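For reference, chains read A, B, C, D, E, F and G in written order, and residue numbers begin at 1 within each chain.
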Amino acid sequence: MNAVSAWLTPQTAATAAFVMVIGLTIVGALIAVGARNIFHNVLGLCVSLFGVSGIFLFLNSPFVALMEILIYIGAICVAICFAIMLSEPMYLPPPPRNKVKVLGAAIGAGGIFVFLGLLLKKTQWTAAPERSTDWSVTTIGHYFLTNYALIFELVSLLLLVAMIGAIVTARGGRSKP
Amino acid sequence: MELVAQLLGSEGARMVVGLIAVIALVSVNALFLIWMERKVAAHMQLRPGPMEVGPHGAFQTVADAIKLMGKELITPAEVDKPIFWLAPIVIFLPVLLSFLVIPFSSTWIIRDMDVGILLILAFSTLSVLSILMAGWSSNNKYAVFGAIRSVAQNIAYEIPLLVTVMSIILMVGSFKLTDIVAAQSGLWFVVVQPLAFILFIICATAETNRAPFDIPEAESELVAGFHTEYTGMRFALFFLAEYTNMFIAAAVATLLFLGGWHGPFLPGVVWFLIKVYAVIFLLMWFRWTFPRTRFDQLITFAWKILIPLAFVNLLITALVLKLR
Amino acid sequence: MLKDNLTKALAPLNLEKVAEGDYAKTGYHLEVAALPAQLPDVAQAMLAADCFLESFTAVDLNEAFDLVYHFASFDELCRTAVHVPLGKKKGMPTISHIYPGADWYEREVFDLFGIHFFNHPNLKRLLLPEDADFHPLLKDFGASQGND
Amino acid sequence: METKTGEPLIHLGVLEEALNLARANSLWPLTFGLACCAIEMMAAGAARFDLDRFGAGVFRPSPRQCDLMIVAGTISKKMAPAVVRLYEQMPAPKWVMAMGNCAISGGPFYYPTQYAIVPGADLIIPVDVYVPGCPPRPETLIEGILILEEKITKRGRLRKFRDAKG
Amino acid sequence: MVFSDPILLGCLLTVFLPLSAFALIMIFTRDNHKLSLAISLVASTIPLIIAWTFFFKLGGRAPIIYNFDWLVSDIVKVPFGFLLDPTSLVMLVIVASISWLVQVYSIGYMAGDQGFGRYYADLSLFALAMLTLVISSGLLQLYIAWELVGLASYLLIGFWYEKFSASEAGKKAFVVTRFGDIGFFIGLVFLVIFYGNLDIATVNAAAVSKSMPPWLLTASGLLIFCGVMGKSAQFPLHVWLPDAMEGPTPVSALLHSATMVAAGVYLMTRIFPFFAASATTMTVILVISTITLILSSTIALVATDIKQVWAYSTVSQLGFMAMGLAAAALASGTLFAGYYHLTTHAAFKALLFLCSGVFIHHYGTNDFFSMATQGGRKLLIPMACITIAALALAGIFPFAGFFSKELILTTLAHLDNKLWLVLGLFGAFLTAYYSFRVIFVMLFPKAPEAYLKVPGHIPHVEDEAHGHGAHGHDDDAHGHGHDEHHGVPWVMVFPLLVLASFTLILGFCQGYLEKLLLGASHPHAMNYFLLVAAVGCALSGIAMAWLDWGRKDAKCVGFISKFPALQTFFIQKWYMDHFWRWFLNRFIYGIFSKWFTYNDRRVVDGGVDAVAFSTVGSGRLLSFIQTAFLQYNLLFMVLVLAGVGIYLMMGR
Amino acid sequence: MTELLGIEEKTYTLNLGPQHPSTHGVLRVILEMDGEFIIKAEPVIGYGHRGHEHMAENRNYTQFLPNLARVDYLHALAYNQCYCMAVEKFLDLKVPERAEYIRVITCELNRITSHLLWFGAYLMDLGAFTPFLYCFDDREHLLDLLDGLTGSRLTYCFFRFGGVPIDIDDDFVAGCRAFVSRLRSRWDDYNNLVTKNVIFINRTRDVGIITRDQCIKYGITGPILRGSGIPYDIRKSEAYSAYPEFDFEIPIGSKGDIYDRYIVRLAEMEQSCRIIEQACNQLPDGPIMAEKVPKRIKPPVGEVYQAVETARGSFGMYIVSQGDVKPYRIKLRTPSFANMSFFPEMAVDNLVADLVANLGSIDVVIPEIDR
Amino acid sequence: MLLFNQLQTYLFLALVLFVIGLYGVLARRSLIAILISVELILNAASINFMAFNRFLAPHPAVGQVITLFIMAVAAAEAAIALSIIVAVYRKMRSINVEHATELRG
């Protein structure tokens, strides 16, 4: 009994949860990239993003974690599904894989993996000497309107342009006469 | 990290108990709501509704539920099996999670998160995904239609919903549901923000796919919409989720606009439930009164009227707050 | 009077018979008899007079068919019956390009009597299953089919 | 070892009875009418007769979610394959009710040289209850449903069940 | 806070009522003409009341400033807010009144137009922009409003967008004013970078106290004046204004004569101390505005389109105002002369346009010779009003224009170089001549044949009409055919009467306004020589017009036809349009296209010649990479990157 | 590119029916769709084909009478009447006036049941459930009346050659009056719930417009025709039975869209009420059966065409007699057959939701099309 | 030292996600699949930012702000990309990148 309770500390539980989240992220990502069926890809992406959201929770930011779900899963993934339904005829068989391309991609990605892995290993990460502990959403909002106001405006503009652009580009289908 | 440790530490027991309570609540609530819907509909339609099974048909939905559990689970040959199986579960999980942050009274709450309302909104978007999964995997044209419609509708109605909620959040200055309710101890926000309340109710009706916005499952057009191919318990889960979603939508409306648990004489929980069921009754009333809107009209309504209005409301709220 | 106008309009077509009908007995104001080849012209004349095709059917007279077209008008009470004798195993020109409403009537007659219509855009069975191999309204149908 | 065919190996006694009771009290019919009888079926669901009193008022448009197929009207030969297919799409346990004379035997339309109809639903799918009439009155349909319930539970619906027990 | 402070509430209402009217009409009620009209009228009436209340209640008091933080960072502080001082109050009253009058007038003018709702939405947008511009407390806010005004102007000029010339004119106005606005913006950027503040009061104070470097003053002053040049149609950016007359006439009255184009001059008065601090700037302005005055007056001499005459007259009067301001700065005077002329000009020029609108509406033509021959003078009230306005424009006592012109001429007289004064007087003479040319033609019409010799006049071409027929109007339904003479609707007459009375009154409010604006009234020593000279110039202009156009056996060709070369020069509008076209071709397209041509000829052709043979082989080799299969290119990139990266990592 | 992928079109087919909630029975529509837009619609009928016409040739005249009620079970009495009138024409029978009045009263009552059912079912197609129940409630009261007189609720076989078999009594007349006043008190409810409902108006206005030209080319009749503004009603134009003695109007629409058809049907119920009221007031005394009706119906050689106005439009019977006890050929000209043949043109370039609205607005009775 | 309390863990996770995404971008044929892979890459970047934010940054709001920006950009990118995909599909009836070669010189 004692052994169990010693083993079942919050830390171990948290670690288990963390491993689960990582597993979710990576497995999801693999499905997102590997599966042949495009719809499975999107669902894999959703799973992966769910995992990422969990990671954000571990990184102390429930706000960003929820925004991740709201924006990425709730908006982007759904939009992708929508595009799939609008564009690709679902009943067609997936095209065969191009072996050269897959091989090349694997080599390229592997190379980058090695490169960045080495970079990661060899870099000394040093924390800032003074660190604030203010994690509140209010501060984020404050930053949006002060230090990062310009980016904020730019992003707003970008979204506006994207919206108009999306409407203009995708328009021109059949309309009700 | 600290947060996670806390989540699984002293709070653990509370959460487990809470979850069990939630599951019980969800099932009882859904049974009750379905019965209520049938009775409300029946009385609006000059007929008694379920009468024979139990007093005034009280056990009717119990019988339905038991029957559905005993039905054959058909998996049609052409479906995309894993997704077909997962969809009913996926539609149910976010609904359950939303209960984590709903305060039934000042103390009856499983976890009072700082970003509570955001959690509900974020998870409510997931239901679209499961509808998509269900519709797509069924490999049935009606189901796909239902799914596509549902997505288009949800994209259109999510925006005004979020913007409307933002105006309340702006007034309170917090995402925390208890804070929002506490801010209404004097005046309910429905008085301050009547337009927002109306917008919210309309959007919530559309989000929960209820008439007159029930086009994803429009019977006369799409047979049963995205769940055409589902049988037995899987179908029951969709039903359950729909009614639980309704409860959540009504609960959020109550928390944001109707003062949550505030009210004289009775305990907070009772007040909360009274308000929630009143809102649900309103939604039912809509359903049994209005014809269904047409798909394009529905989308046009959202983009041309609701979204501008929601933004105007937000703008006015912001201005009044800034200048007050 | 529509009746007179129609008589006038049909006169140049050299029809077999254009005569006033006995409305009290048969319900017709005008009775016309025409040959199969003349029928499209008759239909054209009817359309020009704003008449609509009220009904079209065939009667199996054992040795031949009698095709009956009924025309009437929305504006004035004037029903015209056009009888067209048609030999067995003969075809009939379609009028579905003049009266799109005749499309289904002709398909029905094809279905039930087996009469073929030339130039019909979509001549296939209407009421019976596609794979049926009989024409039930022929007088010899009962004898050949027997009981079912 | 001998087992009678059709009998389950294990009897779950009370559980099975409860399940049957639930099934009998929640018969969801398929929204499916063939001819005249469909109107009387609608009337049975409407205000005066209200099938919903017995829990049988939930007309589902999709065969996948139904328990009961009410064959209301004449089955033409063209329609017969579709009827069979609908029946096959329903999940077990499922029941069929032949409503009206046409569905029972071809009714007034059956005569020696009839070429178009299937004389009786039981020629193509198994029928549990026959409800006669041309068309049957809604009361008759309700009676048919009650009889079907009796057939399912072997005792009758809940009230009768209780009485029988007590 | 907002509800406890009626002034702030008033400011907010002034700004947001038109905004909400615009939004409401655009989104919801565009197709419901009556509702749109009601919304728009409510949203312009309340600002009108507020403006007048402010004017009387706050007129004599110290400036009231509201500032709210908008963009705040360590370096830059950009507030938004409201500045209510006499300068803005007067302009506020002008803008609110005239836009209200024009909205009323448009009920009659635009009746039955398909885009009625859109028209009122655009008017509300304009009101929003212009009112914001007037009462904004910072230059950036002013700049935003300035651009919004441009947008509204673009929308309104191109209101009848089915008509090619109208949409082209809208585009031209937009592009040309943008030319100036680039300068304006760069000027603002200068100010922000080197001074860090855009608050009007602060900028003015800094300029006066010489805490700003002089080069910055001059540079940014000149750049900002570019904006003025664009918006107030100063030479050489004046070309858009006459074309802008393609819009509906009430729009011309509101935007392109009384308020929007005055925004440039208003900006000059707004930061007058800042401008005045640099003599270089002011000299440049003086030169440009004088050129504008003379140039546009001469073009107006030969125009046959009634709106063109007033358009060029507007340009010249704007030049005159700018002259007054520049001269005042150079002679260390006050901004009063120019600003006063702005005020009076707003009244009588709006009146001129609205009267012309009545004629255009009634006769379906823009050509005033045609109007005259069709019996234009029979419309008594408009005729009387247009005559009053023309008298004011010519500067005849006791109409408003007399006083304000007199004041500007006095200011010009203070300059050392008397050339400016002479040019000003010459301008006054021309003004009187061309305005009375119109009046006399209208009052004493000759037989249609008499006008055949007038260059540019094309008799009886109704398609030229801006108002009706061509724009989806049903002539029969509305009965605006020129041979059907019926009454003018009262909604169109009422604004005329109001404006006419202003034209009469404003002249005598000089003292009051001066006291309001400057804090004290300076009784002017009447310069009798100048008085005589000015009135003399005006009267001789009128007399000349009488001789040329008015008297019974007038030749109806104008004295200018004595100098054919000059006449052609004027008719061709000093070849300004040609100049711009040439300029664009030569410098903008020319440079770029030359560059491209060069690239084409030398690099491509030469390359082909030189490596013709070797390309075949190497091209095959390279085509593996250059396949336009995006992914292969990407893969190649990634592989190289990975290789280089790993190599570098190994090295460490 | 398209060849490469083997896709010719991005359209796809959708099978609506034969079992589908909105097809009102067993109709199948093969739709070719582009997204939610319908490119082509092809109705497939015959799923309810029972061979009535073939049956007629194998029965004698009296035996065929009950069949008519099964052709259009919603307005059975009009079909009865048509057949009786046709045979009466053959036999040259004069129907007594009281019998004609009874025929008119029952026929109009039956017309109201049909329109009420359409009203409810149509609203259900549009997704509003409650009006359906309201209509059925009203309809039950009416069915009680007819049930008491004729002995059946739906498939009436009440008229005989030469008159009616059973006379009506004062209770029936009082019942009719009571029902008329009850129905009139319900118009407000219907209008508030449906006619003025914005969603309903949006879904029906300017949808499914039918022009006069199309009506002529397809032979469209009934409320659809009148919705398109053509005042054609056989009760007026051929003025059979006792109809010439009543004062009633033909309601017509202006645009020819679904909303007009809806309004026309509502107004027709009111006109039927007027006819019933007048008939009850003017009800003459006398016999209810013609004299000397032959026991054995054996019409002379010849042919007859008889048309009546049913709830769905003009129903015509074409009977050819060879002087036998059995008819030689009976052709049933049913209104929905012609109306439905227009459907493909009506459905094209609309949304699926409009298809449902259009189909419902035709008010089809499938066995009547398929016979 | 706990697993979830180390910067390296997160960076490595981000790296894995990035590489998977990169592979997808290079290997997949469907435009939508490529878009999905790009989303993965963006998420890898977000994780990096959040990790630095958690362990290194002087002020913890900054990383969150940037992550939120990334989300906004991703949303805009998805909107445009999807509309392009739909448009491309309308035009070419395919969303296979290897078919979208009209740019080829």
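The rule is simple: a contact is a pair of C-beta atoms (placed from the backbone, for glycine too) under 8 Å apart; a residue touches a chain by one contact, two chains touch by 3 or more.
Not measured: the values here are computed from a predicted model.
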{"item": "Chains in simultaneous contact with chain C and chain E", "value": "none"}
{"item": "Identity of the most central chain, Cα criterion", "value": "B"}
{"item": "Distance-maximising chain from chain A - centres being C-alpha averages", "value": "C"}
{"item": "Far-end chain from chain F, centres as C-alpha averages", "value": "E"}
{"item": "Dominant interface by contact count, named by its two chains", "value": "A-G"}
{"item": "Between chain C and chain G, centroid-to-centroid distance (C-alpha), Å", "value": "70"}
{"item": "Computed distance of Cα centres, chain G from chain A, in Å", "value": "7"}
{"item": "Computed distance of Cα centres, chain D from chain A, in Å", "value": "52"}
{"item": "Two or more partner chains touched - positions in chain B", "value": "1, 4, 45-47, 219, 223, 296"}
{"item": "Per-residue multi-chain contacts in chain F, two or more chains", "value": "5, 7, 10, 20-21, 46, 49, 51, 54, 58, 133-134, 137, 351, 370"}
{"item": "Where chain G touches two or more other chains, by residue", "value": "4, 22, 26-27, 98"}
{"item": "Touching residues on chain F, where the partner in the complex is chain D", "value": "18-21, 24-26, 46-51, 54-55, 58, 66-67, 70, 73-74, 117, 121, 132-134, 136-137, 139-140, 153-155, 366-367, 370"}
{"item": "Footprint of chain E on chain B - complex, ascending", "value": "304-305, 308, 312, 319-320, 322-324"}
{"item": "Parts of chain D lying in touch with chain B, wherever the complex brings them together", "value": "18-19, 21-23, 25-26, 31, 46-48, 50, 52-55, 57-58, 60-62, 64-65, 67, 89, 91-93, 157-159"}
{"item": "Contact footprint of chain B on chain A as seen in their complex", "value": "10-11, 13-14, 17-18, 37, 39-40, 43, 46, 57-60, 62-63, 66-67, 69-70, 73-75, 77-79, 81-82, 85-86, 90, 136-138, 176"}
{"item": "Residues of chain E touching chain G in the complex", "value": "626-631, 634-635, 638"}
